[in-house]
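The same subunit A turns up in both complexes below, where it pairs with subunit B and then with subunit C.
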Partner chain A sequence: MDIIFEKVEHVYNANSPFARRALYDVDIMIESGSYVAVIGHTGSGKSTLLQHLNGLLQPTSGTVTVGNQTITNKKRQRDLKPLRKKVGIVFQFPEHQLFEETVEKDICFGPMNFGVPEEEAKKKARELMKLVGLPEDVLAKSPFDLSGGQMRRVAIAGVLAMEPDVIVLDEPTAGLDPRGRKEIMEMFYRLHQEKQLTTVLVTHSMEDAAAYADYMIVMHKGTVWKTGTPQQIFQDSDALAEIGLNVPETVRLKKELEKKLGITVPSPCLTIEETVDAIQKLFSKVNAHDE
Partner chain B sequence: MMNSMIIGKYVPGDSVIHRMDPRAKLLVIFIYVFIVFLANNSATYAILSVFTFSLVVLSRIPLSFVLKGLKPVIWIVAITFLLHVFMTKEGDVLYQIGSFSIYEGGVKQGVFISLRFLLLIMITTLLTLTTTPIEVTDGVESLLGPLKKVHVPVHELALMMSISLRFIPTLMEETEKIIKAQTARGVDFTGGPFSERIKAIVSLLVPLFISSFKRAEELATAMEARGYRGGEGRTKFRQLVWKWTDTAFLAAVLVLAVVLFALRS
Partner chain C sequence: MEDTILSVEKLSFRYPNQSDYAVQNVTFQVKRGEWLAIVGHNGSGKSTIAKLLIGLLRPESGVIKLFHTVLDERTVWEIRRRVGMVFQNPDNQFVGTTVEDDVAFALENNGIPRDEMIKRVHEALRQVQMEEFLHHEPHHLSGGQKQRVAIAGILALRPDLIILDEATSMLDPKGRQEVLDTVRNLNKKQRITVLSITHDLEEVAKADRVIVMNKGEMMAEGTPKQIFALGTKLERIGLDLPFAVKIRDRLKQRGIPLSSSYVTIEELVEELWTLYLKR
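Up next is the complex of A and B:
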């Protein structure tokens, strides 16, 4: 399911003294099955953008096309419900949306809203526990007896249970410990690869964007500043710094090395592994020279 | 939803009304609320209206802004008006539609009662538009101060008031967030059968309650960490100062009361 934004503009509180334009001139294309990272400074319009993906917000002008559904400002909210099954959103701090007496009921809540029979939803819930890394006996517990990290996983399972084709993640690991962070990011990446899930990740972590995304959208002051592969985006660290963003640590290491040693490192150094490889190559070159 | 919520929305400014002591404002309004009921003929209503509109002009807040605050109650006013028009049977018959007849007294009564309503709401809206919630609570605390002698927990009541005022916008924001999260999970907040609507409300209220309790606990801890021990011996950052203008306004409203009393029929 491709997602296409054409000339999208969104104004909050339109036609009132409090009107505020949060998005304008947004033209983007998210290909089916891709992993896209959206980065940008706080207030750059990322959150507004992502709420257009499942019709929670409708563009003030312009169109958003998701698969065969077109969203304009004329669409009625009720007609957008089918879209919400296809596009799942994991909001920031998703554990705030938990409300049922048991974890199982909460996970089944989403699918049952879309007409999935109870038995099937329960089966799905059991499968998902393994996927999000929780023991199965948690299903019978109250979500409010769990730890913060566990609640986060339950909430994520609640969104995945709807079996969306597109998953939108708004800083899914904010406030988690480093290990939980890694586990959750790896889980989403696995899902993306195994099920060809189109994934949109809104993040402040340049490292995550570099490691997982194959395409990036950089937002600045309500519009798209630049799009491209992580390699393209992180090439110009000075320009990124100007709009309040930076590059992954490994890219900074590479830049510093190049400056200090007066050489060019051919690898983009987007991940630790790539960087280690590049440094290893440097060493072997020096060694060959010495011998 | 948020746009019509004008009550409680402070509009910064530096007019005479803005600078008034909140205690004076509260007293003026307290008296006003009673003397509104003194007006009962054209002359008294005219004087009352002129007084109220002068206050709005003095506050230098656009009239349209104040009138917008009347929007949420316009239906109540309209129904009150119609009830009086149709139910009062006094004076000459103006119109006759079938068995319904509209009397002159009814129309008069309808206009008066609606006007009374609108003026009351206008003046209270004016209070919240020109006074920050903190000032209002400081004012209330100071005015109720004497009650401390009979062991009324005045400081605690004022604190409760300011905390609840402070958290209204936070709660609204939170509500909107949870509505969005649940809508994304397929909840329909706008329609659907009754049983599903109940379920939708539950999915909103439970998270809202839980976060409110959590926030209350955090707030209490934060206050204790900063050494809060209640009102005993507590000094204020903002001292209330009673100025001659405050006395003048209070005098004006008392004069108004006397005039209304003299002119009412």
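Up next is the complex of A and C:
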């Protein structure tokens, strides 16, 4: 299910003295089955953009197309319901949205609202526990007795229970410790690969964007500044710095090394492993040359 | 004589109906003008310590002294006037309808004269680079902008001690850098004492001294360099080493003879360059 934005504009409080344009001239294409990272400085329009993906916000002008659904400012809210099932959004701090008495009820809430029979929803909830890495006995507990990291997994299971084709992640690891961060990111990557889930990651972490995304959208002051593969985006660190963004630390190290040693490192150095390999090669090459 | 601004002695705390201690037998001091970082994984007890320090929770045993006064029910209000706390989630700390009102709120509560109030609001917002948002509504700001406004609200009160409880974890890298630079500036120039609670070891590198928490207990205490020398011990308790240290450790494992101390990217490049030339 491809997602296409054409000339999308969004003005908050349109036609009022408080009108504020948060998005304009946004033209993007997110291919079905891809993993796309959306980056941008705080206030660049990332959050407004992602709320258009399932019709929580409608463009004040322009068109958003998700699969065979078209969203314009003319569309009635109630016609957007099928879209909500296809596109699941994991908001920042999704655990704040937990509300039911038990984890099981919380996860079943969404599917049952869309008419899935209770037994089927419960079966699904059990499967999801495994998928998000929680023991099954958590199902009977109150979500509020769990740790922060566990609560977040439950909230994510609640989104996955809708069996979306597209999952949108808004800073999914904010507030987690490094181990929790890594576990959650690996979990989403596994889901993306196993279920061909189209994944849209909104993040401040250039490292995550570099490590997981096939394609990147860079937002700046309410519009698209640049799109491309991580390798293309991170090529020009000076331009990124101008709009308040950094390159991943691996790329920074590569650039510093190239400058200091007066050489070119051929690897894009998008992950720690790639970088360590590239540096090691540098030294073994010199060895071979000496001999 | 160095002035001890905060002293914690044999502090222990358990949440109701829990048999395990969230904080157990923790003792440390903070001197005026110092930046102390408390680092640990989620659930290590670091945020519980912060809540104990401003009297949001009451210890099971142990003594907390702030500004040479024992923290108890009688003194807590006076002590809170001198301590500014920034929480992780800015959405839970807004009261004003505009950015300006929000920053002014606590000043008004403390009876600061109007002229002085206007001056301080502008000054505080300038320090967090949010001055152009003076008349914006806080709930229309993005997460990072909100947090900077929350920090401005505290700066306006000119506290003796600022506690940052994961306060930068929702900011983008540049926003985080700006906030940390601001805090560092206040710490150095106005000698405001800083206690930052974080799991970000890059942030820890900026502190004068670090305490590592694990499962409610203090696992280590020292300068950032001493702490980073613990290496994989930190990774084992769910923390992440600074990037340059990670790369250095991996290169060493592959037989490249690098030094063992904490390094920045610049220092690592310098070392690699020296090795490269020797070949």
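Everything that follows uses one rule, which is that the second predicted complex is superposed on the first by the 291 of 291 C-alpha atoms of A that agree within 3 Å, B and C clash if a C-alpha of one lies under 4 Å from a C-alpha of the other, contacts with A are read in each partner's own complex, and residues count from 1 in each chain.
Throughout what follows, a residue touches a chain if its C-beta (ideal position, glycine included) is under 8 Å from a C-beta of that chain, and two chains touch if they have at least 3 such contacts.
Everything quoted here is computed from the prediction, not taken from an experiment.
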Superposition on subunit A - do subunit B and subunit C clash or fit: clash
Touching partner for A:K7 - first (subunit B), second (subunit C), both, neither: neither
Partner chain in contact with A:K195 - subunit B first, subunit C second, else both or neither: neither
Touched partner set for A:S47, first subunit B, second subunit C, both or neither: second
Touch count on subunit A, higher of subunit B and subunit C: C
Partner chain(s) touched by A:L56 [first = subunit B, second = subunit C, both, neither]: first
Partner chain in contact with A:G88 - subunit B first, subunit C second, else both or neither: first
Which superposed partner A:L176 touches (first subunit B, second subunit C, both, neither): second
Touching partner for A:G158 - first (subunit B), second (subunit C), both, neither: first
Partner chain in contact with A:Q77 - subunit B first, subunit C second, else both or neither: first
Superposed model, subunit C segment overlapping subunit B, candidates 75-83, 183-191 or 237-245: 75-83
Those residues of subunit A which subunit B touches in one complex and subunit C touches in the other: 18
Residues of subunit B touching subunit A in the complex: 2-3, 177-178, 180-188, 190-191, 202-203, 206-207, 210-211
Of all residues in subunit A, those that touch subunit C in their complex: 12, 18, 20, 41-43, 47, 92-93, 147-149, 171, 174-180, 204, 206, 244-246, 249-250, 252-253, 256-257, 260-261, 272, 275-276, 279-280, 282-283, 286-287, 290
For the subunit C and subunit A complex, residues of the former touching the latter: 40-43, 88-89, 137, 140-145, 166, 169-175, 199, 238-240, 243-244, 246-247, 250-251, 254, 256, 265-266, 268-270, 272-273, 275-276, 279
Residues of subunit A touching subunit B in the complex: 13, 16, 18, 51, 54, 56, 77-78, 81, 84-85, 88-89, 91, 94, 96-99, 109-110, 113-114, 144, 158-159, 162
